[in-house]
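The same chain A turns up in both complexes below, where it pairs with chain B and then with chain C.
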Partner chain A sequence: MEKLRILVIEDDDNQRELYKQDLVWVGYDVIAVRSGQEGLQALREQPVDVVLLDIAMPGMDGIETLGKILDYDNQMPVILNTAYSSYKDDFMTWAAEAYVIKSHDTTELHKAIAAVLKKRGIQAPPEPAEASE
Partner chain B sequence: MSDPAEEKLTDDRSLAVARDQRRELAQFLLRHASIITRNWAERAQDGVTAPPQVDLGEGEIWEPSLLALVEHLEAAGPDTDMPAHVTWLGRWHETGSSRAKVRDHFHALRDVTTEALAGTDQIQEAEKEALLGLLEAAVRNLRLETSEVETRHLLAEAVDARQQFEGLFQHAVDAIMIADPETGRLLATNPAAAALMGMSKEELESHTLGELQPDLLRVAREQLDESNPYFGTPQLLPMANAENPRRVVEVNSAAAEYGEQRSAQMFIRDVTERVRFREELERRADELQAKLWGQLQETQHLRVFLENIINALPARLLVLDQNLTVLHANSAYLRQRRLPREQVEGQHIAEVFPAALLEEAGLRQAMENTLKTGDRVRWAGFRQATEEHTERILNIGLDPCPGASGERNLLVTIEDVTERHRQLYERSILHQIVQAMLGMRDLPRLLHAILTGITAGGAVGLGFNRALLMLADDENGVLKAEMAVGPESPAQAGQIWSELSERRTLGEFLKAFDRLPPPEEQPLQKLVEQLTFPLSDTAVLPMLAAATRETVYVFDAPNDPRVPAELYKVLGADEFVVAPMVVQDKVIGVAVADNSINKQRINQTDIQLLTALANHAALAIDSARVYAQEQRRANELDEAYRKLESATERLVRSEALAAIGEVTAIVAHEIRNPLSTIGGFGKMLLRSAGDTDTVKRNAGIIVEEVAKLENILGELLDFTKPAHPNFANCSFLDVVRSSVLAAQARAEARQAEVTVDVPEDLPLVPMDCGQMQQVITNLILNAVDAVQPGGKVSVTGRQEDRLVKLSVSDTGHGIPESHLDQVFDAFFTTKRTGTGLGLALAKKVVEDHGATLSVASQEGLGTTFVITFNLDQNLPPPAVSLRHREADEIRKGSE
Partner chain C sequence: MVLAGGEGQRLHPLTSGRAKPGVRFGGTYRMIDFTLSNCINSGMRRIHLLTQYASTSLSRHVRRTWASRLSDDMDEFVDFVPPQRLFADRWYAGTADAIFQNLFILQEERPECVVLLSGDHAYKMDYEAMLAYHLEVGAELTMAAITVPREKATQLGVLEADDKGRVVGFLEKPADPPGMPGRPELSLANMGVYIWSTSALAETVSTDSRTNSAHDFGRDIIPKMVQDGRPVYMYEFMPAGRSPHKYWRDIGTIEGYWQAHMDLVAPVPELDLYDDTWPTYTYKPPLPPAKVICGQDFRQAQVHDSLLSAGCIVCGADVERSVLSPSVRVQPEAVIKECVLMDDVTIGEGAYLQRVIVDEGVAIPAGYSIGANPEEDAKRFVVTDGGITIVPRRVMFE
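Our next item is the complex of A and B:
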C-alpha cells in the first residue's frame, strides 16, 4: 500500500527536519519545504493527503498560505502548527481543520493527522511504540 | 609809575622831544603797517589781548588796532598837539582798561615792531636802530601820557564829588546847617533846615543858633569839643513850633571846613515820633512788669502746689546741682531715709545716699555724666540690700533739670518696684511652667513637668518640697495617685536640690526627666502608689478639693477632720495644700504639695500659685488625653490607609502584569520553538540509539527538562489568557481523586502522605471539572512541597449549611504572617523554582466559579487552603463559544 503523503511547510530548518524524521518514523511519506510558495508548488506537482503548516514565516505567512491552499483545493486538510497560541484568535485560522501547538511531544500532532484523515475515511498508520524512556 | 627816572620826562622839554619822536614813529609805522599788523595778529593768537573796542556813540565803533592808531596819528598831521592823542587814550581808559593793560599793549606794539624790523631787509641797520630808539622813547612817553590822563580823571572825579555833595546837601531829608561855632551865625542851610524852622532860607540864615533854640549853640559846641563827654554824641532838644508844641529834634554836629573858616556842620532831625514811640514803649514795659509781678505771685502759688504734689509722690525725688549737692528732696525720700529735711538739703549726695548704690553700682558716675551731657538715664532693676536683710528692687531715673537761672541741675527719681517685680516674677514662673506644659502630649512627661513646676525652686518653679498628682479614674470610680516627686528625707533633699540647683530653666529640669529612674523606682512614688480614694468620697480630702473646686490648705493634718487617716499616714505632713484639677465639670484630679522637708510655712502666695498651676495642669492633662485618643484613631486610619495603599499597589501590579503577559506571549513563542526541537530530537535520539545506555539517559534528561520548561511556559500563557470555565456538574470526590492521582508521583518522591476525606454525598456543584482538578492538584503539590519527608497532606470536603468547603492542609513550615496576604499575588513565590503563578491562577479559576479561595497558616504548624462554594449562588454555565471549546479541548489534549 502506498504511503500517505504529508506536506510540511516550515521555515525553520531544524523544525522541518524534526517533523520530517518524526512523520517518516510514524510511516508517512513526507515532503518538507521552507516556504508558502514552495508548498503551493509542491501541491501542484504531486498529490498530498495532509498539509502541516507553520504560521510564523517570513514573506508569505501561514495564514496567507492557508488561503491559497484552500483556493487551490478547498478539500485539502490543513493542520496549523505553531508556538503562538494566540493565533487561534485570528478567525482566518478557523479555516484550518486542526490546530496544534508545537511540542517536543508529537503525539498530539499524530492524533490530529489521524483525525483529519479519519474524517475522509482514511486510516492513518498506527502510532509506533516509543522506545522505553 | 613811581620810578623817579621816568618822572624826569614830565617837564615840557621832554614832552616836546617825545612829540617829535612820535611823529617819526608814526610815519615809520605807516610805511610798514602791513608787516606789523600781520605780526600783531600772530601775537594776538599767542594770547596777547587785543585792545578793547570803544563805542563812540551814534553807532560809531572805534577799534583801537595798531593800524587805527597809526591812521589816527597820521590824520592828526605832523603838527598835532597832544590833546588829540590824550583824548584817544582817555577813551581807551574810559572803557575800563587799566593803565597797566594800556601799557601792556604798547609794550606789545614795541615788541612786534622790533620783530618786524628784525625780519625785514628793506630797512638799513642804522635806520633800524634809530627806529628802535624811537620806539623805546614812545613807550616811555606813553607812560607819561597815561599819568596825565589819570590826573585829569581825578580832577573830574573831584568835581563829581562836589556836585554829589551839593545834591545831597540840597535834597537831604535831614536839616543841615553850617554855623560858626564861635558866634552861632549861620553860614549855610539846606531847604530841609528852612522847612524844619518854618522859614525861608534867607530868613533862616539871618538868625543865629541861639535865636533858633537857646541850647542849640551850646550843644553844637559840646559835640565839637573832643574833651567834652557829649563829643560826637547826638542830643535831643525840644523845639516847639505852632503845629507841635511837643516837638523834639535830634542834633548831631561835626567839625567842617567851610572855605577857610572852621565851622560846625549840624544835622538836625525831627524825632518827635520816635521819642513818642519810645515813651509808649516804656509805658507798656511798666504795664508788662506789673502783669509779670502778678504772674509771679501765681507762680509762687503753683510752686507750693507742685511742691505738695512732689512731696506726696511715692517715688523718691532729689534735685542735685552741678556739685552733687542736694538742692531739694521730697518727703518720700526723707521718709525712706528717715532724715529731717535740713540734714539732707544742702548736703553733698555722698552724705545722704547709700554708698553701695552710689559708688559701687556706678550711680555717682552716671549722675556726673548726666550733669555734663544732659543725657537722660533710666536704670531699672537696681538691687539694694536693706538693713532688714531683704532685697529691694529700684528703678532709678536721672534727668537734667533746669535750675532757676537756667543752669543744669539733676533730677534723681527713685522708684521702689520690689512688689511689682515680685508679682511679675511669680507670673513669669507660672507662665514658664504653663509654656512647658503646652503641647506636651505624652502624659507621663506632662505629669512630670507639672510636678517639677510645683517643686522646682528659684526662678523655675513654685518651690514646694514635694508634690503628688492624683488623677481620676472614671472607669474604676477612684482617685488614684499617678506620680509624685520629692525627696523622702532631708538628707536626700539636700542631694537632689544641689543637683538641681545648676539647672536654671524648667526646660533644663525637664531634660533631666529622661535620665530619671523609672517612676516605680523613685522612693516617693513607691510610697504613694497605693494611694486611692473613691471618687464619691467628696466629704473629705482629697476629693473634697475636687468636688468643691476649692484649694484646701491644711495646717494641722492630725487634727483636721477633712484629712483621712490614710492620707496623713502616706504624706506624713502636718501642713499641705490640695488644689483641684477640674476642666469644666470634669474632675481630672488633684495636686498635693507640701514643705515637709524644710518645714517652711506655706504662705498665701504659694497657695494662689499652686491653685493657678493646677488649673492649667488640668487643661493640659485633659488635652493630652484627648490627643492620645485622637492619636489612636489616627493610627487606625493610618493602618486602613496603608492597606488601601497596598491594595492599590497590587492593582497597579496586576495592570503591569497585562503588559508582562504580552511580553510573555512573545517570549514564550520564541522559547517554544527551540524547546520543541530539542525535545523532538531527544525523542529521535531515544528512538534511534536505544542500545546505548548513556545516550538514552542523557536524552531522557533532555526530554524531562524540556517538559518542565514547557510546563512553565504553559502556565505563563494560561495566566495571560486564562480559559473560560466550561461548567458541568462534577462530583467533588472524583475531582479530588483525580487531583491526588496527578500529584501522586511528587508526593511519593517527597515521602508525603496524602489523605482524602471527602464524603461521596456532597452536593454536585456546576464547575469546570478539568480546571478545578488543576486547582486542587496545584494546592496538593504546594502542600507536598511544603512538608518535610513523612509530613502529612489532607484533603477534606465538608458541607456547612449551604456552603461546601474543600480544604487542603499540610503539616509544613507554614507561611509567615507577613507573606500571607501576598500568596495569591502573581509572580509571588518563596520556592526556589516556580513562576509564582500557580496560586494566582488557582484563585482566579476559583473566583471564576463564583467560589472563594482563602488561606490560613501558622508558622511551624502548617497551612490550610479552603475553597468555599456557595450553593445558593446559582451560577449559570456561561455561553462558551465554539472557539473556546475547541481551544480548550486542544489545550486539555496537550496536557
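Our next item is the complex of A and C:
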C-alpha cells in the first residue's frame, strides 16, 4: 500500500529533522521543507495527505502560507504547529484544521494527524510499538 | 463592516464602470449614504468598506462626504478594504469570503461585536438599539427582519422565529415562503443587517472557507448556523427618526431602484429625507438652486410630485413623478413621467420619456420617445419585465 504523505514546513533545522525522522519511523512518507514558498512548490509537485505547518517563519509566515495552501486546495488538512499556546486566539489561524504545540514528545502530533485523516475516512499507520505487539 | 464589493449584476447597466454602492440615488445621494448615515447616526464611527469593483468614484464620494465628519484623533474612520491578496490570492468569492480574507482587521481591533451591513439598501435604522438587544439575548448572530407580503418574499431570505425571537428556520429566496404564525399572508424577511459576536463570525467564515460553498452568508453560513441550533436571534426592524413607517428596500435591482424612487416622490414618502432628526448625509457639490421657468411664448413648465436637485433647469416642460439629479436640463415641451434622470442629463425639446432611467451625461435628442413603445425600446435599450427602460452612459443616438 502506498504510504501517506506528510508535508512538514518548518524553518528550524533541528525541529524539521526531528519531525521527519519521527514521522518516517511511524510509517509516513515525509517531505520536509524550510519555508512557505518551498512548501507551496512541494504541494504543486506531488499529492500530499496532511500539512504540518510552523507559524513563526521568516519571509512568508505560517499564517500567509496557510492562506495560500487553502487557496490552492481548501480541503487540505493543515495542522498548525507553534511554540506558543496563545496562537489559538488569532482569528487568522482558525482556518487550520488542528493545532499542536511544539514538543519533543510527538504523541499529540500523531493523534492530530490520525484525527484529520480519520475525518477523511483514512486510517493512519499504527505506531511501530503497537505494530510489534 | 459594510459589504460594498458586489459586482452589481442585478443593477446592470447602471453598474457598468462604477461600484454599485456608488450609484446615484434619490437625486443627490449615493446608495451607500443610507447605510453610512445610519452608522454615524447610531454612533458607530469605525467603518470598514469592503470593496472590489470599480470603486474610484465611490472612494471619492466617501472621502468628500465622510472625511470631514469623522475624527482621526478619536480613531473614527471609513476605510476602504479591497482584497489584499495576501491571505488568499483571489478576489472576494462571496460575502463570507470577504470577511474571511479580512480577519486580520478583526484580529487587530478585537471588537466584541461586528455590525455587518450591505451598501445597497435604503432605510433608516438605529443599529445601537439592535446591538443592545443582541447583547441582552446573548446571541452569536442577530438578524434584523421586516414583515413583507408573503408573495414578495421569494427574492429575499425568509426567517422563522419562535416566540422568544430565536431563529429556528431560514430559507434563502424560497419559491414558497413560509408565512408567520397567525399571519399567513406575511413573511419575515432578512434585511441584510447583522450583528455578530466576533468569535462566532471568525469561526463560521473560517469553517466555510474550507468548503466548496458559494461562501455567502444568506445561502451558506446562516442556514447552517440555524440548522446546527446555534443562538441566532431575530430583531424586528424599528425605523429611526420621525417616520412611523417601517420602510426598507433593496435598491440593488433595477425594479427595486426605480420603485424606491417612486416611493420618494409620494406626497408623504415613507422614507423621509426631510427628517432632520435622522439625517442622510451626502456630498453636495457647489451648484446653484434648481430653476423652473417658462419656455417660449410663455409655455409654462409643470412640475409635480418630483424631486429636483441643485443645478437643474426645467424650461417649459412637464415633469411628473420623477427624480432629477444635479444639473439636469429639460427643454421646452418635453414630457417626463416616472423617470429617474442622473447627473448632467439633457432632455431635448419635445422628447417624451416614461418609466425611464437615464444614466449620467446622456443627451436625449429633441423629439425622441422612450417608454411609449416597449417593443421598439427593447431593440435599443435594456427593458425590464416590469417595463422600466434604462438608457446607459455614452449611448449614441442616430
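Assume the second predicted complex is superposed on the first by the 129 of 133 C-alpha atoms of A that agree within 3 Å, B and C clash if a C-alpha of one lies under 4 Å from a C-alpha of the other, contacts with A are read in each partner's own complex, and residues count from 1 in each chain.
In this section, a residue touches a chain if its C-beta (ideal position, glycine included) is under 8 Å from a C-beta of that chain, and two chains touch if they have at least 3 such contacts.
Computed from a predicted model, the values in this text were never measured in an experiment.
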Chain B versus chain C as contact partner of A:25, first or second or both or neither: first
If you stack the two complexes on chain A, which partner ends up touching A:83: first (chain B), second (chain C), both, or neither? first
If we overlay the two complexes on their shared chain A, which of chain B and chain C does A:15 touch? Say first, second, both or neither. first
According to the contact criterion defined above, which of chain B and chain C contacts more residues of chain A? B
May I ask you to decide whether A:113 touches chain B, chain C, both, or neither, giving the answer as first, second, both or neither? neither
Determine, under the contact definition given at the top, whether A:42 touches first (chain B), second (chain C), both, or neither. neither
In the overlay, answer first, second, both or neither for which of chain B and chain C A:53 touches. neither
Now for A:7: first (chain B), second (chain C), both, or neither, which partner does it touch? neither
Mind working out whether A:103 is in touch with chain B, chain C, both or neither, as first, second, both or neither? first
Footprint intersection on chain A (chain B / chain C) at 94
So in the complex, the part of chain A that touches chain C is made up of which residues? 63-64, 67-68, 70-71, 74-75, 90-92, 94-95, 97
Using the touch definition from the top, list the residues of chain B that touch chain A in their complex. 665, 668-670, 672-684, 686-687, 690, 696, 700, 703, 706-707, 710, 717, 721, 883, 886-887, 890, 893-894
Taking the touch rule as given, give the residues of chain C at its contact with chain A in the complex, in rising order. 86-90, 100, 103-104, 106-107, 198-199, 202-203, 206-207, 209-212
Write out the stretch or stretches of chain A touching chain B in their complex. 12, 14-15, 18, 21-22, 25, 56, 82-86, 88-89, 94, 99-106, 108, 111, 130-133
